[in-house]
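Chains here go by letter, A, B and C, matching the order in which they are written, and residues are numbered from 1 within each.
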Amino acid sequence: MTEISLADGSAMQDAPPAPVRRYRLPLDWLGVVPFLIFALMFLILPTTYLVVGAFQNDQGEITFDNILALSAPSIVSAYWISIRISLASAVLGGVVGLAMAVAISRGGLPPWLRSATVTFSGVASNFAGVPLAFAFIATLGRLGLLTVLLNNWLGVNIYSLGFNLLSFWGLTLTYLYFQIPLMLVIITPAVDGLKKEWGEAAAMLGATTWQYWRMVVIPVLWPSFLGTVLLLFANAFGAIATAYALTGSQLNIVPILLYAQIRGDVLHNPHLGYALAFGMIFITGVANIFYIWFRARSDRWLK
Amino acid sequence: MAETFLSIRGVQKSYGPNVVVQDFNLDIGRGEFVSFLGPSGCGKTTVLRIVAGFEEPTSGTISIGDRDVTNLRPNQRNIGMVFQAYALFPNLTVAQNIGFGLKVAGMAKAEAARRVAEMLELIKLQKFGDRYPYQLSGGQQQRVALARALAPKPRVLLLDEPLSALDAKVRVSLRDEIRSIQKELGITTIFVTHDQEEALSISDRVVVMSQGRMEQVGAPFEIYNFPKTRFVASFVGTLNVLNGKVADPAKGTIAIDGQDIVASRGLGATKAGDSMSVALRPESAMLVDLGGGRNRMRGTIEDVSFLGSVVRLRVRFTDNTILMDTFNSPNFPPPARGQTVTVIFAPEDVLVLDGLEAA
Amino acid sequence: MKTSRLWAWITFGVGAAYFLLPLIATFEFSLRMRRGVYSFDAYRSVLGDPYFQATFFYSVLVAVFTILLGVLLVVPTAYWIRLRMPRFRPVVEFITLLPLVIPAIVIVFGYIRMFGSSSPLPFLASTRGADALLVIGYATLALPYMYRAVDTGLATIDVRTLTEAAQILGAGWTRIVIRVILPNVLIAVLSGAFLTFAIVIGEFTMASLLNRPAFGPYLQNIGANRAYEPSALAIIAFAITWGCMSIIQILSRFAPKSANQPR
C-alpha cells in the first residue's frame, strides 16, 4: 500500500498538473476538402455562373432587363403551362399517392400486397424519361392499346372526344406514372407513424371516426403531404425527357424551351437563356424551401 | 365492498381455436381501484379492451351502473383510458388534448376552458397548457393523458400499463399521484400491469391472471400472504422453494435436507415419506430467535448482497438454498460468507405448495 | 371496418390498373411487329442494332465510372463528417440535396458555359473531356441518393467505436477505411450504386446536351423514327430499373443489423 502511494506521489511531481498539450493544427476540415471542391466546381459555380449571367448584359453590366424580358408572352406562357402541369401532376399524384398509402398501410390489405406495392413504387418512381413516353404512346397514343380497345369495345373514340396525349392532360397523366409512386414512397412512413392508440384514445373520448380524421389524422399528415406535393412539383417542373420524347418540341414548357435555347439560342439572347434557367431554379428552390419547412414540422410531431 | 358498479359477467374471448380469456367474472364497486396482474399474454389487456369496447367478447356481458354496454361502440361508453405509449395527439397542445373530449361532446367554449384549467391544476401542469406533447417529458405526457381521460368525467377509468414506458423514479411518483387523484375523484378504475409491486401498492383489490384465467382475486395483503394457487405464490413476490419429504403428517413435520421443520397448515392427507415442496418468503426467515416454537435450520452463508435497507443472504442447507432478507443496521455487520448460521422461521410462514391448486 | 376494407381494395384496384395497363399495352405493342402474329421481332431488331449495342455499352461504362466517382466522393466524406465534424453535417447534407433543387438541365447548361473549349477548364474541347464531364454530371445527379444511402449505412454502425477499436489495434487510416468501414457499409454503398445505375442508364438531358453517344439520346432517336422498337426498348428499360430495385431490396436483407447503435 505505502509503496504504491509513494510511487504515485513521485509520478505526480514529475508530470505537470495539466496533461501534455500537443498543439495540433485544426486539420479536421481537410477531410472534406475534396468533396467541397467537387461541389463548388460542378454544382455551385456553374449554377452561380448562370444566376449571375441572368443579371448581366453583354457588356457585363448589372441589369434587370433579362428578368423583365421573361415577361414576353411566349416565355410567360411556357412558365404558365409548366407550372400548371407540375401543379396538376403534383396535386393529383399527391392525393392518389396518399390514398394508396393509406390503403396499403391502414386498409387491412394483405401484407404481401403492401410490400409488392412499395417495391413497384420504387421502380415506377425511377421509371421516368424517354421509355415512359414510349409506354404511354403504346397505351394512349392514337394507335395505343387502350385507345383501340375503348374504340372497339365501347365505341368510344377518346381522340374525337378531345383527348390528346400530346396535350396538357396527356402529359399530366403521363407524369402521374412517376408522381404517384414517389408520393407513396415518401408518405408511407408518415402514414405508418399514425399510432393506433390515437384512434383508440379519440374513440374513448367520444369522437366519431370522422371527428378523429378531421381533428387528428388530417392535421398530422398535412405538413408531410403538403411538403411532398411541393417536392413532386419541383420534380415535374425540372423534368424534360418524358415531355420531349412525347411531344418533341410541340408542347411549349420551360425545360423544352431552355433545351432549344441551349441547342440553338432560339431566344437570340444568351442572357435571356440564363434568366430562363434562373427562373427555374427560383421556382424549384421556393418549392423546396417550403418542402423542408413542412418536413421539419411533421418530423417534430411524429418523433 | 360498496355497491357493484362495473360488472364483467362470463366473459370469454377466443380467436378461432385460441382461447385468450375464459370465464372471467368480476364485480367492481363504485370508486374501487382494481388491478389486473399477470405476465404478458395472460389476457389482462384483452379483458381491459373488451371493457373499453375495442374487442368484442365471444360471449359474456359488460355492464356499467346497471346498463348493459356490451354492444355499445367505444365512443358511446363514456369511459376514460390511458395508454402505455402516451398516445397524446401530437398536433394539439396540452390544453387542446385535455379539451378534446369536451370539444367532441360539444361543450361550450368557456365551460370547456374552465374544465381544462381545473384538470391542469389537478395534474400540477398549470403552466404547460400551451406546450406541445413533444416538449414534455414522458412523465408529464402521461399526466396529460390522465387529465385528458378524466376531463369528460368518465364513469370508469381504464389504465393500460400506463407506467411501463417511464423510468423507475417517475414511475413511483406517478403511481402515487394516480392513486391520490383516483381517491380524490372517487372514480372506478381498472389498472393493468405486469409489475406486482405496482399492483400491490396501488390497488384495493388485485386480480391475478394466467393463461386467460383468473387465478385469484383479493386485497393485496391476501394475495401476497395467502396465495391460493402455485402460480400466484410464485408470480407475486420472491419465493424460496424447499424440497423435502413428509416426516410425520400428524405433527405436520417435514424433513428438508435431513432437518425437520413444522408447517402449521396445509399438509392434508399425506403420509410419511411423500415428496413435498414448501415455500418461504425471504422476509419470513431470520437469524434471531424470537422464541415460541419456531423452526430452526442450520446452514452455511453462500452469498451476501447488500441492497441498502436490506441485506439479502443466500443460505445453503444441503441440496436446498434459500434467500433471506435481514434489515440493515450499522450496529450489526452482516454475517460473512462461509459462516454457519441458524435460520429461524415460524411454522405459520411455511407455505405448503402441494396443498395449493396446481393450476 | 368492412366498408374501410372495401374502400382500400377499390383504391388499390384503380391504382393497380393505372400502373399495370401501360406496361401491358407496351408489351403487347412490342410484340406486334410481324403482321398478324405476336413475335419478338422488335426485340430482335433492337438487340441486333449496332447502335443499341454501342450506346448501351457506352452508358454502362459511364454508369460504372459514375458509381466509382460517387463512392470515392461520398464514402470518405460521410465517414469523416460522422467521425470528426458532426457540426458540419447540415452543410454537407444541404449541398447533397442541391441537385434535387437545381434541375439537371440547368446544371448541364452551366457546364456548357463554364467548361467550353475556350474556357480555362476546357472539358468540352476533347471527347475524353466531354465523357469525363458527363460522368461528373451524373455523379452530381446521383449525389443525393448516394449520400443518403451511405449515411444511413454509417448510422447503423458505431463509426467512432469501430474506428477507435481499429486504432488501438494499430490500424492506419487507409486500412481503417478499406478494411473496417467499407465492408460494414458495403451493402449501403451497393444500394446507392444500383440506384445510381438505374438513374444514369437511360438519362437523356445531360447526355443529349453534351452530345454524348449514350443510351438516352439513342432511345429518343428511335422513338422519333420507329414504330415497334420503342415499345420493346421501354420494356427493356423497365426491366433494367426493376432489376436494379430488386437487387437493392435483396441487398437490404443482408444489411448489418446494428449491434451497437449510437443514440
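Note that a residue touches a chain if its C-beta (ideal position, glycine included) is under 8 Å from a C-beta of that chain, and two chains touch if they have at least 3 such contacts.
Keep in mind it's a predicted model, so treat the numbers as computed, not measured.
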- request: Sort the other chains by how far their Cα centres are from that of chain B and give me the top one.
  value: C
- prompt: Hey, which chain is the most central one here, using CA centres?
  reply: A
- request: List the centre-to-centre spacing of chain A and chain C in whole Å, with centres computed as mean CA coordinates.
  value: 16
Centroid distance [mean C-alpha coordinates] between chain B and chain A, Å: 53
Statement: Between the Cα centroids of chain B and chain C the separation in whole angstrom comes to 57
Message: With touch defined as at the start, can you tell me which chain C residues reach chain A in the complex?
response: 1, 4-5, 7-9, 11-12, 15, 18-19, 21-26, 28-30, 73-74, 76-77, 80-81, 84-85, 88, 92, 95, 97-114, 136-137, 139-140, 143, 195, 198-199, 202-205, 209, 216, 219-220, 223-224, 230-231, 233-234, 237-238, 241-242, 244-246, 248-249
- request: Would you mind writing out the residues of chain A in touch with chain B in their complex?
  value: 195, 197-198, 200-208, 211, 215-216, 219-220, 300-303
Field: Residues of chain A defined as touching chain C within the complex
entry: 28-29, 31-32, 34-36, 38-39, 42-47, 49-50, 53, 96, 99-100, 102-104, 106-109, 113, 117, 119-120, 122-124, 126-127, 129-139, 144-146, 176-177, 180-181, 231, 234-235, 237-241, 244-245, 248, 255, 258-259, 262-263, 273, 277, 280-281, 284-285, 288
Message: Could you list, by residue number, the parts of chain B that touch chain A in their complex?
response: 52-54, 73-81, 83, 85-87, 89-92, 100-101, 103-105, 132, 134, 145, 148-149, 152, 158
